[in-house]
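Both complexes shown next keep chain A, but they swap its partner, so chain B is in the first and chain C is in the second.
== the complex of A and B ==
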């Protein structure tokens, strides 16, 4: 009963702020609505018995990633982009796909029986670590993927740094090196 | 709905609901921190600090309360100033931004355990109450997540002000927060590895059973402390405000209570961070060398010892007052009659408190012997013993936190401030690597010794 009340409040906030992301004219308002949406999603994860996933959502997405996105909007084009048209040619492809996805999800939700109890633990700390770092030979082997993703992210980061310093080794990039 | 209400005893409901009052502890820390900061700065710089404001009471004359009156005046001034926004600001975000850090500070204390889990008998029922307001298994992570959200206040304020200084301050604040958040989490990992849980009460229980975190993880403690000080954005890490470069950083355009909210947010952030450091590395609510069971078994004597500690503190304070009085009597200060009058009030209050506390100590040591029942091979006492133990625990935790508050002030007024790139170098090239090495070494040693 209580879980249902909390869920209704959180889902209204999540969906409403997601709509704000789509409808807001200013990119910064859109980013901030996305933060609100992510925080309320974290609350819904908590209700689903996954407090760990919810907190990680707050720390990584709402905290770090959205912070960087906000900074990028502020520094690069916050003032100019405020007159972005709401619909353009890309919308022709986006709208049908969104409607299709909604239909698909609705069909999946209707066809599967909803057996939900808020007391069941789904993503607690112990459960997550037991699944992710299960090193049994017959286990799911997620830890290999985990390591692979770590390597992928590292190489992506190095590539980004290299791209950002286009003229690495040239005279200009030597001069812009930070003062020690 | 009735089932939920009837599922707990009314005493349990009462204590559970009153635990929400702990949300205001960091805010109350402001009352302590602002006088401590101003008079502490005065002490370190060999001057008096603000102590001239007073209010008059009939016999004793001008009462200044060691500068507290001055701080109250400043607070009242901030409250009654006109709320003002420069033209050209983004009105909505400009108004929302100062509220964000302050709101986060009100939510943060929910995962701090203020006392050991209470177990007591009420009638024929056994009642268990956990020490934190929200009993969740992701305790520390939730705190870190919330504190990473609180940087939005500075960033949005910087952007909405539409001023170059503010924008630079906001950007610096976010860069600081992101980089030192990483150091913070990583330096804590060694401790979490030893304990094997994110719950702060589990960390404190481990420290009670083994050794304090500062002994088990000294390197991590210093990394954590530096990262914490950097995260609150105070000197020597005040690059976000940067008075010599950025006027006042992200709150340049703010005035009145909107500025006051940033100010209060910063100070309550210090309060919550001090409590967190005390919980993670200084044993939290646990009394050194005494277990919770011992306190509960000798609750009367324990309360007497608590009163004794207070009496000693007041005696030290009175000693100071008497020395000052003696000095003033022989000095040529023109206002010495007024000051001596004022001191006589403090002396009367101090001696009255000593009499009351001594009487309380004697009474509790002689007459407070609660009965217990054995449940599951463990002695369970009544509600009086449980509340007394909780009181001792809360006071011990607050004493440790106040010590760290003083460290914050001490660092601010003794060290010169960093330049921006030095701060970034320190964060990414020094502290992060030390914390990483510490984590690896801890993991290896823990594997060799414990085998978990």
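== the complex of A and C ==
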């Protein structure tokens, strides 16, 4: 009963702030309500018994990714052309089709028998690290995935640096470098 | 009245629908990126909700995969924002309809 109350509060906050993302005009307000949505999703993860994913959600999503997005919005002044309409003209077709699809999937979900398993494992730090790094017991699958994620993050970082370096090598930045 | 496993999937479905709508209908490029993040979050929630319906060993995979999804989302946001910065320098506009030409 208590879990249902907590879940209702957190999910109302998550869905409501997601609606704020849909309806807000300034990108900064959208980013801040997205942070609220992600933090309440982390609360739902903790409630369901996966505290490690919840902490990673707060640290990486609400912390790092949204911080990056907020900084880029503030640096680039992403709302400078407030004359353009908020919604595309294609949204006349997108909204009904998304609502129809959601109703269809919701009907399928309600009619599917789903129940919590009583002996499910709690996704703690110990279980996560044992699954990822204990290759004798679990095979090398998760460990290889972990290494591949490391390579992916490294290549993403290099690509971002290269993309930004192209800006740094432009004419104006070279002039400022000479001034310094 | 207890917490049912299908409630979590309903919330994930709502978040995914809102994320897809934000991505497809908004014109500001930052809202498009935020909609993608929202949809990825909904998929993570769905993973965790389904993992909790499985017994002991089978419930681990659904709680490990969101970590990888979050890492991929971090890489995606990094590259996406770098591309947006590059386009912003040449276009001076946040309207995604102005980005239709791929000229550098």
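For the reader, a short list of remarks on this structure follows.
The rule is simple: the second predicted complex is superposed on the first by the 129 of 180 C-alpha atoms of A that agree within 3 Å, B and C clash if a C-alpha of one lies under 4 Å from a C-alpha of the other, contacts with A are read in each partner's own complex, and residues count from 1 in each chain.
Heads up, the rule we're going with is that contacts are C-beta pairs under 8 Å (C-beta built on N, C-alpha and C of every residue); 3 or more make two chains touch, one makes a residue touch a chain.
Note that the coordinates shown come from a computational prediction; the quantities given were computed from them, not determined experimentally.
Looking at the shared chain after the overlay, A:56 reaches both chain B and chain C.
By the touch criterion defined above, A:125 reaches chain B but does not reach chain C.
Of the two partner chains placed around the shared chain by superposition, chain C is the only one that A:91 touches, whereas chain B remains out of contact. Between chain B and chain C, the partner in contact with more residues of chain A is C. After overlaying the two complexes on the shared chain, residue contacts for A:74 are found with chain B alone; chain C is out of touch. Looking at the shared chain after the overlay, A:65 reaches chain C, while chain B stays out of its contact range.
After overlaying the two complexes on the shared chain, residue contacts for A:149 are found with chain C alone; chain B is out of touch.
Of the two partner chains placed by the overlay, neither chain B nor chain C lies in contact with A:158. In the superposition on chain A, contact of A:104 is made with neither chain B nor chain C. Chain A uses residues 1, 52, 56, 64, 68, 78 to touch chain B in one structure and chain C in the other. Contacts from chain C toward chain A in the complex involve residues 1-11, 13-15, 17-22, 24-31, 33-35, 37-38, 41, 44-45, 48-49, 51-57, 59-60, 63-64, 66-68, 70-79, 81-86, 88-89, 93-95, 97.
Residues of chain A touching chain C in their complex: 1, 3-4, 7, 11, 14-15, 18-19, 21-22, 27, 30-31, 34, 37-38, 41, 44-45, 48-50, 52-53, 56-57, 60-61, 64-65, 68-69, 72-73, 76, 78-81, 84-88, 90-91, 94-95, 98-99, 101-102, 105-106, 109-110, 112, 114-117, 119-121, 123, 127-128, 131-132, 142, 145, 149, 152-153, 156-157, 159-160, 163-164, 166-167, 170. Only residues 1, 4, 93, 136-138, 141-142, 144-146, 148-149, 151-152, 155-156, 159, 167, 170-171, 174, 177-178, 181, 197-198, 421 of chain B touch chain A when the two sit together in their complex.
Considering their complex, residues 1-2, 28, 32, 35, 39, 51-52, 54-56, 58-59, 62-64, 67-68, 70-71, 74-75, 78, 124-125, 178-179 of chain A touch chain B.
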